[in-house]
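Same chain, two partners: chain A is paired with chain B first, then with chain C.
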Partner chain A sequence: MLDLLTQSPHFYDYVTVAVLLLGLFNVFEILFLLYNKNMVERIEREKLALKRLASTALITSTAPAELLPGPAAEYEFAAYSEAIASVLDSFEGEIADRARALIGQLGIDDHYRRLARHRTWYKRGNAIDIMASFRLKASREFFLAVYRSEPVHDVKYRIIYGLSRLTREHADIRALAQMLSALPYLTPKYTEDIFYNIISALKAEGKEGEFGLFMKETLNDQSVQNLVKRDCINACFAATCEKGRGLLKEYYAAYPHEPEILIASIKALARIGDFSKMPEAMKNPDWRVRLAALKYAHLCCADLLPEIRAMLRDNSYHVRINAALALAKAGGAGRAALQAEAASEDKFASAAAAYALTQEPA
Partner chain B sequence: MTVFLIWLAVHASQYLVFLYFLVVNSTYTLLILFALRDIVRHAYLTTARVARRQLASEFYYKPVSVIVPARNEAAVIAQSVKALLNLHYPEFEIIVVNDGSTDDTLATLDREFKLVPSNKPVRLQVPNEAIRGVYRSAVYPNLVVVDKENGGKADAINAGINVSVYPIFCSIDADSLLEPDALLKSSKLFLEDDELIATGGIIRIMNGCTVKDGAVTEIGLPASTLETLQVLEYTRAFLSGRTGWNALKSLLIISGAFGVFRKDVVVAVNGYRKTVGEDMDLVMRLHRHCRDNKIAYKILFVPDPVCWTQAPYSMKMLLKQRNRWHRGMIDALLANRVMILNRKYGATSLIGISYFVFVEFLGPLIELFGYIAIPILWYFKMLNTQFFIMLVLLAVFWGISINIGAVFLDIYNFRRYKKTSDILRLCVMSAMEFFGYRQIMLLERLRATLEFRKKGWGTQDRRGFGNKGSAL
Partner chain C sequence: MAKILIIDDDETIHLICKAYLSKSGHTIATAFDGPEGLALAESFKPDLLLLDINMPRMSGFEVAKKMKENPATKEIPIFMMTSLKQESNIQRGYDLGIAEYITKPTNIAHLKLRIEKFLENKK
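Entry: the complex of A and B
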C-alpha cells in the first residue's frame, strides 16, 4: 500500500500540500485563538455593562424601554434576560411589572420563542430555561404547545420545570404529574423541585387548597408513578404546604408496601408533630422505614424504650446506631438502658451503646 | 528465505508505523471535535441561573463525604483541610485518612484541628488495613481523621468509605486544592441524573499560580518549561481527551486527584483495589459491574469543577510519576482483560479500552520500534528519505494542531489563562513538546512496561502551598 502511495506521480505534491496546509492551519489556530480571546473579553465587558444598565433602568425609571438600546446580538438578549430574571427574583409590584413589560417591549420573548424551536436541542433547552425564569403567564400555552412537539426528553424536563412555575389550579398539577409519570423518572430532587415550584406558585396566588385537592385525587391514581407521589409528599413537607398535611396519614395507610412513600410520610408527619405512626413504623420489615422512625423516636416515644433498646440488636448497622442515639437523647431512662447495654456481650449492641453514651443528651 | 523475512519485516514495520501514526492522530483529532461539541453544549446548559438555584435552595443537594488519603503530607495537610473546610456546600464531612504516615501528619492535624477520639463503630463495607483510631475535630464537627496502618492510597480511601456516613463520596489528593464551588458543581450532577454513578472534574496545575489561604487567587503559567509542558499535557488530556471519551461513552479514568462517586456502587464492587492505578481500575470495574448486572449507569467527566494540583517540578519526580501512571494503566488493563474487545461491554470496550490497549499500551513499543528501525533502514539504504521527512513533518504539524486545539478548547470556554503571553507560551510549548520531552516520556513508559509488576508509589516530595515566588 505504501509503495502504491509513494509511487503515485503526485504523491509528494499532495503530502507537501498537506504539510503546508497543516502549518497554515496552526498559524490560523493561533490567530483565531487570540482573536476569539479578545472578542469574548469585549463581549463579556459589554454584557456586564448592559446588564447593569438594564437593572438600573428597571429599578429607577418608569419607562426603561426608552433608555435601553434594542438587543440585536445573542449576548445582548442574554444580558437583558439575566437582568430581568434577577429583578423578578428580587422585586414585586411595580418594578416586577415593568420588568415583565420590558420582555415584550424589547422583543426578548419573541426571540426566545424562536430559539425554543431551534434545531439544536440544547439551544431549545437554554431558551426554555430562560423563558421559565421570566414566569410569564402568557408562556404557559406556548410551553404546552412546544411540549407536544418536542422530541428530546432533556428539553421536556425543562418545559415541565417552566410550567411548574405557572401553575394555577389542581388540573394543571394533575397534568404536570402525568407528564412526569409519562417520562423516564429523572431524580427525586428534580421532581421535588417541580412540586415545590407548584406549591410556591399556588401560595403566591392564594390557592394552596388546590394542592390539597390534587393530593387527594392522586392518592389512588394509578397513572401517577409512586415515586412521583413520594416526591410530592417531600415537596409538601419542604414547602410547608398546610393543605397537603391532612392527607399524609392517608398516604401512609394507602401504601403499606412502598417504603419510599412510608419514609416520606413519616418525615413529613414528624415535622408537624404527629408521631402516631412511629410505633408501627419501627416494626416495619424494611430497615429504611425503621431508621426513618428512629430518627424521631426520642421526641415521642418514652413508652417505647424497650422496643428501641431491642433495636440495638437489629441486623442493620444504621438502625443499631440510631437506636443507640435515640436512647441517648431519651433522658435518664434511655441513658441507663445504654449503660446496661454497654456491658452487654453482644458486641454490636455494646459498641453502639458505648458510642451513643459519648454523645450529648438532647 | 532470510531475505524474504527481512523484506517482510521492513515492509511490515513501515505499515505498522504508518498505521499507528494515522490511528493516533485521527483519534486525537476526533476527540477534539467531540470535545468541542460537548463543551459548547455544556456551556449552554450550565447556566449561572441553574447554579444559583442549586445554591439558593437548602433542600436540593445530597450530602457528600470528602475523603483525603494522606501519607507523609505534614507539609500540606493543614492548608489542604482548611481549604476544604471553606467549600461552598450545605452539608459535607471531611475524612482525612492518615495512611501510616511516618512524619508529623497526624500530629499536625491534632495541633491544627484539636482532635478528640471518637468511638463510633465503623461499619466494614470494603476491605482496609487495621484502623488504629478515629478522631473528630473539637472545632469543626464535620472533620473526621482516621489513623490506620499503611496500606496504600486505595486502602486509605476504602477506610474513608467505611467511616463515611453520606451516600456520595469525593476522593481528593492531599496535595490538591478544590475550588470552592467544585463540589457543588460535581455533586449537582447526581441530583440531575439518577443513573450517574461517578464523575470527575478537571485537574489543573497550580505551579505558577498564587495560592492564598488555601485558594488559588491568581492563575498563571509556571516559569519552568518542564512544568509548563505538563500544563499543556493536562489541558490536552482533560479537555480534549476526557471530554471526548465522555461523548463516546467510553470514559475509563476519573482522576484519583478528584473524583466523586456514588458510595453504594463502589461498595458493590468491593471498593478500591490495591494497585498503583486504583483510579482507572475502579472505573473499569464500575463499567464491568453495571454491564454485567444490566444496570443503567453513567460515568461522566465534567470540565467545569476545578481541582488544582501540584505537578512534579523536577524531571526525576516527573518520570517517577509517569512510570507509576503507566504501570497503573497496564495493571488495570490486565486485571480487567475480560473487557478487551468484548462486545458485551459495548463502546467502553470496543472504543475506550481498545484505545488504551493499542495506543497507550502498545504505542510506546511501536514508537520505539520506529525510532530503532529508522537508522537501520537508513544504513541498509532501505529508507525512503523523502517519505520519512514528509511523515515526520506531517506528524509534528498534526500534533501541534492537536495541542493548539486543546489550548483553544480551554481558552474558548474557560479562559483560565487570561494573559496573552501565557496563551502564546502554551502555543510554543505545543511545538516544543515534540523535540525531546515526548521521547523522554516514551522511554519512561517503556521502562514502566518492562517493570509493570513493580508495586508501590515511591516517596513524594511536597513543597507546600506557598506563593508562586517561593514555592510553586
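Entry: the complex of A and C
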C-alpha cells in the first residue's frame, strides 16, 4: 500500500490533500473548543445570575417563587439548588423555611427524584447528593426506596450519606449501620462522617441518648463490621459524646484483641476527660495501643510516671520516643526522670530522653 | 453604625448577611477568600469581621492567625461562622483569639442581635 502511494504520480497531491484535511480538522477543532468554552462560560454566568436572583428573592420576598422564572434547563435547577442548599446550610428560621418551600414550589424536588432514577449512574448519584443537601424529612422514604433498587455501590454510599442527615431514632442508625456493613468498606473518613452526621442530627433534636442506645445494641452485634464500630467510636470522639462514657468502657472491655477499637475508645474517653483505662492500655501487647495511651498520658497521670519511664525501654521505637515526649510534657518530675535517663547506659532510652529534653514542656 | 467585613467563599452568605445587617445602617464589605479579606481588613478597617473557616486558598484559622499577628488588624474582633461543630475546632478558634464561634445553621436575626450587642458592649 505504502509502495503504491509513494510510486504514484499523484503522490504529492495525496500529501497535499492530507495536510489540508489535517489543517481543516485542526481549525474546526479550535472553533469547536472556542464555541464550547464560550457556552460553558455563558452557562456559568447565567447560573451565577440565577443564584443571585434566588438569594435576593429569598431575602426580599415572602413569596420568592413568584419572583423567580421556573427552571427548565439542568443548570437552572442546579443554580436554584445551590442557592437553596447554601441557605439551608447556613441559616435557620424564616429564611430557611422560605428556601425549603421553594424546593417544592419550583418543582426542584420532583426533578431530582426523576433524575435519581436515571439510567446513568453518575446522574443518579448527583441527584441524590443534591437531595441530601436539602435535608428534607420527606426524602427519607424515597431514599430508602431508591436504595433497595439501586445496583451501583457509588450511588448507595451517597444514599446512606443522605439518610445519615435525616436520622430520627436508634432504629434508623441501626439500619444505616447494617447498610454500611453490607457494602464494601469505603474509607474511615466516610464512615466517621456518617456517624458524625447521625450524632449531629440527633443532638439537634435533643435525642443524643438514641445514639447511646444504638451503641449498646451494636456492642455484641456480629452483623456490624468491627471497622464500622471503630468509626462509630471515632465519630463519638469528634462529636464529644459525653453521655457515651460508660459504653466506651464497655467497648474497650469487649474487644481486647481489636487494637483499632481499643485505640478509638482511649481517644474518645480521653476527649471527655476519662483516663481510667490508661494504666491498662499502657501495658497492652499491641504497640499501637500503648502509643495511643501515651499520647494522652501527660494530661492525667502523674502517678503513672514510673510506668511511662519504663516504656523508654519498650521494644517499639514509636513507643519509646512518645514515652520520652510524655515525660517531657509531665512537668518537673517528668523532666527530672528524663535527665536521669539521658545518662542511662541503655542507648535507646538515653537517646529518646536526650531528644525529648530538647522539646518544650507542655 | 459599624463597619463589618464578611469573608466567605459563598456569595449567598454575602448577600443575605449584607441585606440583614445593612438594614440597621451598618456598612458591609465582602471578600471571597483569605488573601482578599486580609488586604481588605487593612484598608476598610472594620469594627468586626465575620469569618468562614472552609475557604479556598487560606482557611479561616489561618486568616484569624494572620489578623492577630498584624498590628494593624489584631484589635478587630472576629466572629467565626462555620458549620464545623467539633470541639477541637471551637477550641482552636478561641485559642487564636476570636471573639465568638457561631455554628451554622444560625438564625440571621439572632446573629444580627449578637453582633449589635457585642459592638454595643465594646464601645
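Of note:
Simple rule for what comes next: the second predicted complex is superposed on the first by the 335 of 362 C-alpha atoms of A that agree within 3 Å, B and C clash if a C-alpha of one lies under 4 Å from a C-alpha of the other, contacts with A are read in each partner's own complex, and residues count from 1 in each chain.
Note that contacts are C-beta pairs under 8 Å (C-beta built on N, C-alpha and C of every residue); 3 or more make two chains touch, one makes a residue touch a chain.
These numbers come from a predicted model, not from an experiment.
In the superposition on chain A, A:L183 contacts neither chain B nor chain C.
By the document's definition of touching, neither partner reaches A:A63: not chain B, not chain C.
More residues of chain A are in touch with B than with the other of chain B and chain C.
Look at A:A253: by the touch rule set out above, it reaches neither chain B nor chain C.
Of the two partner chains placed around the shared chain by superposition, chain B is the only one that A:L34 touches, whereas chain C remains out of contact. In the overlay built on the shared chain, the residue A:A83 is in contact with chain C alone; chain B does not reach it. Within the superposed three-chain model, A:A238 lies in touch with chain B and with chain C [touch as defined at top].
When the shared chain is aligned, chain B comes close enough to touch A:Y12, but chain C does not.
Across the superposed pair, chain B and chain C both touch chain A at residues 82, 238. Those residues of chain C lying in contact with chain A across their complex are 10-13, 15-16, 19-20, 81, 83, 85-88, 104-110.
Looking at the complex, you find that chain A touches chain B at residues 1-2, 6, 12, 15-16, 18-19, 22-23, 25-26, 29-30, 32-34, 36-37, 40-41, 82, 85, 122-123, 125-126, 129-130, 133, 185-190, 192-193, 196, 238, 317, 320-321, 348, 351-352, 354-355, 358. The touching residues of chain A, counted against chain C in their complex, run 48, 51-52, 55-56, 58-60, 82-83, 86-96, 200, 238-240, 271. Within the complex, the chain B residues that touch chain A are 11, 14-15, 18, 41, 44-45, 47-50, 57, 59-60, 62, 118-121, 123, 190-194, 384, 386-387, 390, 393-394, 397-398, 400-401, 404-405, 407-408, 411-412, 415, 420, 423-424, 427.
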